[in-house]
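Two complexes follow with subunit A in common, the first pairing it with subunit B and the second with subunit C.
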Partner chain A sequence: MASRRFVPSPVAWFLLPWAAVYAAFFVFPFVFSFVLAFLDYNPLNVANTRLVGFDNFARLFKDPAFHGALRNTLVFVIGTVPVTTALALALASLMRGKIPLKGAFKAALFLPSILSVVVIALLFKLFYAPGGALNELLARFGIEGHGWLTDPRTALPAIMAMDVWAAIGYYAIVLDAARTSIPDSLYEAAELEGAGAWATFRHVTFPLLKPAIAFVLVINTIRSFQVFIEVLVMTQGGPLGSTNTLVMYLYDTAFRRLDYGYASVIAYAVFLLSGIFSIVAMRRLRPESAVEGARPL
Partner chain B sequence: MTRLARAALLALLVAVMAYPLAWMIAISLKTADGLSLRYYGEVWRAGPFDRYFINSLVVAIVVLAGNIVCCTMAGYAFARFRIRGGKLLFLLVLSTIMLPKQVILVPLYILMQKMGLIDTYWALTLPFLVDPFNIFLIRQYVSTLPTDCEEAARIDGAGEFTILFRIVFPMLKPVLAVVAIHTCLTNWNSFLFPFILTHSASMRTLPVGLAMLSQGAHSIDWGHLMAGAVISALPVVAAFLVFQRRIIGGLTAGISK
Partner chain C sequence: MRGARRVAVVVASAALVALACGKKDTSDRIVVRFWQFWDLAVIEPQVAAFEAQHPGVDVEVEQLTWATGLEKIQAALASGTQPDLCELGSTWLPRFSYDGVLEDITTVYEAERDSFLMWESALWNGRAYGLPWVQGSRVLFINRDLFRRAGLDPDRPPQTWDELLTASQKIGELGTGIYGFGQNIGERYVLYKKFMAFAWGNGGDVFDETGTVVLNSPAVLEALEFYLKLAPYSLQEKQEILDQYFKTGRLGMQVSGAWNLKNYKLEAPDLDYGVALVPKPAADHGSHASFAGAEMLVVFKASRRKEIAIEFARFLQAYPQAKQLSLAAGSVFPAARAAMNDPTFMSDPRVRVFVEQSLTSRTTPAHPGWIEMEEAIDRAVEESLYGRRAPRWCLDDAAKEVQQIAARFQKK
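This part shows the complex of A and B:
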């Protein structure tokens, strides 16, 4: 661009606030946590801090609690992300064209995504409780109640179901917004050809939405790897570690067992796992990308 | 499927999805002596929710102001000036958007502790004054604006700060609305960092206060808990009902371009 000038001095000032905050509260802690990973550091006993080399990393590989947290997190991600995306896609397909009350449907679907996760988690903690709404509802159909969050077999699936509930609206709206770029003429053509709902979806909607779907999958995956608040509020990782996730374990290790060094290694594990997906997402965030702007909530 | 059939199916699905929310409101209103706002009053005083409210508000305003000013400056600079290493710097901005923030949880806590800032507004605001996503949004928007006005002002001898804040800034309204929505919502609902960086009840924000309420003496007290949940959700829901189109547009910005 001809209008671009070569480094006039105020530019440094323009970047200074960002650079200062970024350096102090991101770069420094980031580097610091790398150092911490090689230390045995307990805040109550700082004098005994010592260098332990790769010990903290080695612990990771033989720590059954970490393996459990990793497994639970993977189950959470693999069990929720595809379901959420599929349901969001179905909802977005239903919203095609001018349908009655579309604005109201959009608002209602979007509502959970503006609520704090704490509000949602608290609500579902009671919803799933022995005397809660779910059991009440099941009782009407003669199905016996269940302590959904106190049974190790159902606690994680219950939290996963809640996550799907909370997330589909947002992704449905995202996909609906992307779908508005598909010209109506394609749908009219499909109708003229006598294509049914499924054929229309398979041959028109799905192929044209592929980039948006990929984007939704990626940002939801990154978000889901970090699942924590729900677990903290609803089960604290229990019962019997059945809902312990990576970030829950990170929190436990750092702030309950005050093992900062090992916690930093766990943090890096989370970082690497979702970092892989971040790189994919970043490539799609390039300026010319059609799906710029959306981000996980 | 016909439009009417799709609308009917949607209505059914929305009703199923809305059920837990309706249940939450019902629980918060059903008291021993019929429907009343009693739980709301009690939980407001017990929280203390007025304190949480003020904290959330102060933090949101400071963080919003910081983001508007700092991100505008940085976004504008990235869009308009050829900076040595600028591409690399902007890549840094992009990379921090998606990275999981948990990596810096422990070191940031230690840092704040060493600086004596735990349990202060500083800890709740300073690290969040510049959200890289906002820099990204503003940079993209500025890149689409014509440079004529800026050039003319420059020829007239205006300084770069004057050009940015007098001439460019007013043109940024649409993107700043998105920035404001995104910043306020993220901040209002933020839990992890405020939870870690505060210890005393008097410094808690709404989500943290609500989470603590659920672990304390009120944990088995459903009416009060749900009333607390509704109270902390009310401001965003109210804002959502008023600015619905803007908010949905803002949070799904740029998708359909």
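This part shows the complex of A and C:
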């Protein structure tokens, strides 16, 4: 046994392209940016790269622009993720009932997910513009128009509303798919016990959907911490920094200010934050066994 | 069987790798790599002309986009795959000069100095690092119809701040949904260009000759206070919305660039508009200043084809070529002074204004930290427009911030 030569399985050859791409575009940047975090690195002047120790990390704590971006990002995550999840869950629960043209309904829900974020952002930029669809609609009710994206008070909420709209369908479909795997017998039992719609949801649907909800929360949290393209297209962080998010700030720091070291630190901050939030979400929604979960409490 | 399959996979991978690495043999030709932002259809005739004059030289042109070009150039410099010749916006260039990646072309500058405008951004520590190629100033656009409706003379656009304010007010009072003046807000790159026109016109600036920050001087404060006076009659929006309002006849005046000449012809052929120099503070005071930006040509220090690259840059920059490019692009003018005497430009009353404006226009300070400094100016103007704080304090803070940015670049 010990003398047998190691022969890689042919499967390894097929994994190779993926592994190579993963190493080149994920592992390498991940490690490289960790190294950058300790350097003063400017791509225009690589020769003058200096080791600065923890200086870049220390800057995080006294940088008001970072604090603003952190606050905006937290508002974005806390304001969108629960709303999106709750609405997606409600939609998925609705789909259990008899809906005419259910297939078309599902397809319509999923539609925003196949559009590029840039396309959605450009459309909403028009939608929110003065003279755009939203203001025209409000005008019909006698409400005066508003520059939604040029007012520091409404710019971030406007982008958040768009994000909820764009994300909800995808997660509703994911939750609906998970819901269809709940055996009908459980619903029949609930019905026999005389459980109403809320009790059925509370004691059958919700507990059995917990793993799927955890997935939705984690994916959506990670995605929301990285909110960037919407901001870049719609407001570039303005007005007055009211929509400046962590990744927007990271992008500016690296590509406009050429401060790659500090930008790497910001990247790791985003990584840590989304990691912590995801772990908390997963802990809270740790799956229970089907029987246990279905038992009326 | 298993072995055969493995061989097949290896052969296929090797073939792919060979395919990816395959390059035509160019050993006996001089290849000049040129990165630029124009449509290839616009630039290629000039490349062909240069190649025809220089047998043995191949120019490889690549088109960058304004959205991602700067990142691509940075990445290329970091990995040593930069082109020989490159186009850079005048507000970017100082950072490249400061970081020492550009070839010093002071000798070319000394020979050409008097024939071209727009050198400012290329100069750093008394040396020159770029060649002005094409340029564009912002001018005042007026809607002649709205002028008539407001009882103003469309053939006499506002010359002074007072006239600008009166015209804005009269047009702004025509009815709801019609605005006198357009003020940029909520986006990058544009706000400071519009505001600094007023500050420069009033004798204000970001730095004085000694390099001291004077952004909070009385001259700049006065300009900001005047700018705020326009606010009640102004539409405060992003540039594309301002353009949309102007095109549809709902905006009386705005300060904007030459690309509109082309756009309005296509998108609003019936729009009756005129252009004028940006108004100055008073008939007996100040100047018709405005923002001017330029496209600059730079040669990278690491290039192995510097001589031919500089020659190519001078060829592109020369008046006949720059004129051809300007006419094809329809949004810029040659940086060469010869344009001032060319009837092609000077016989069109609108185009003439652009060329005349460029004589009193200003460029942003040639400072490597400019991109951060412009954000400080944007913030000061926006905070004042939103009524967050008194203009004086906004400018004090902006001046302090500019000072800190400048200090950071001095330290290194």
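Annotations
To be clear about the criterion, the second predicted complex is superposed on the first by the 235 of 297 C-alpha atoms of A that agree within 3 Å, B and C clash if a C-alpha of one lies under 4 Å from a C-alpha of the other, contacts with A are read in each partner's own complex, and residues count from 1 in each chain.
What we mean here is this: a contact is a pair of C-beta atoms (placed from the backbone, for glycine too) under 8 Å apart; a residue touches a chain by one contact, two chains touch by 3 or more.
Everything quoted here is computed from the prediction, not taken from an experiment.
By the touch criterion defined above, A:213 lies against neither subunit B nor subunit C after alignment on the C-alpha atoms of chain A.
Judged by the touch definition given at the top, the superposed model places A:167 against neither subunit B nor subunit C.
Residue contacts after overlaying the shared chain place A:44 against subunit C, while subunit B stays out of touching range. In the superposed model, A:265 makes contact with neither subunit B nor subunit C. When the two structures are aligned on the shared chain, A:147 is found in touch with subunit C, with no touch to subunit B. Of the two partners subunit B and subunit C, more subunit A residues are in touch with B. By the touch criterion defined above, A:88 reaches neither subunit B nor subunit C. In the superposed model, A:240 makes contact with subunit C only, not with subunit B. In the overlay built on the shared chain, the residue A:255 is in contact with subunit B and with subunit C. Contact with subunit B, but none with subunit C, is seen for A:115 once the two complexes are overlaid on the shared chain. Shared contact residues of subunit A, touching subunit B in one structure and subunit C in the other: 10, 13, 43, 255.
On the side of subunit C, the complex with subunit A involves touching residues 2, 5-6, 9, 13, 70-71, 74-75, 77-78, 95-96, 99-101, 185-188, 235-238, 241, 244-245, 371-372, 378-379, 382-383, 386, 388, 412. By the touch criterion given at the top, residues 1, 3-8, 10-11, 13-15, 17-18, 21-22, 24-26, 28-30, 32-33, 36, 43, 91, 94-103, 105-119, 122-127, 133, 165, 168-170, 173-174, 177-178, 180-181, 197, 212, 219, 222, 225-226, 228-229, 232-233, 247, 250-251, 254-255, 260, 263-264, 267-268, 270-271, 274-275, 278, 281-282, 285, 287, 290-295, 297 of subunit A touch subunit B in their complex.
Subunit A contributes residues 10, 13, 16, 42-46, 48, 129-131, 147, 149-150, 152, 155, 235-236, 238-241, 255-258 to its touches with subunit C in the complex.
Residues of subunit B touching subunit A in their complex: 1, 3-4, 6-7, 9-11, 13-14, 17-21, 23-24, 27, 66, 69-71, 73-74, 76-77, 80-84, 89, 92-100, 102-111, 113, 126-127, 129-130, 132-133, 135-137, 140, 143, 147, 150-151, 159-161, 164, 185-186, 188-189, 191-192, 196, 206-208, 210-211, 214, 222, 225-226, 229, 232-233, 236-237, 240-241, 244, 247-248, 251-257.
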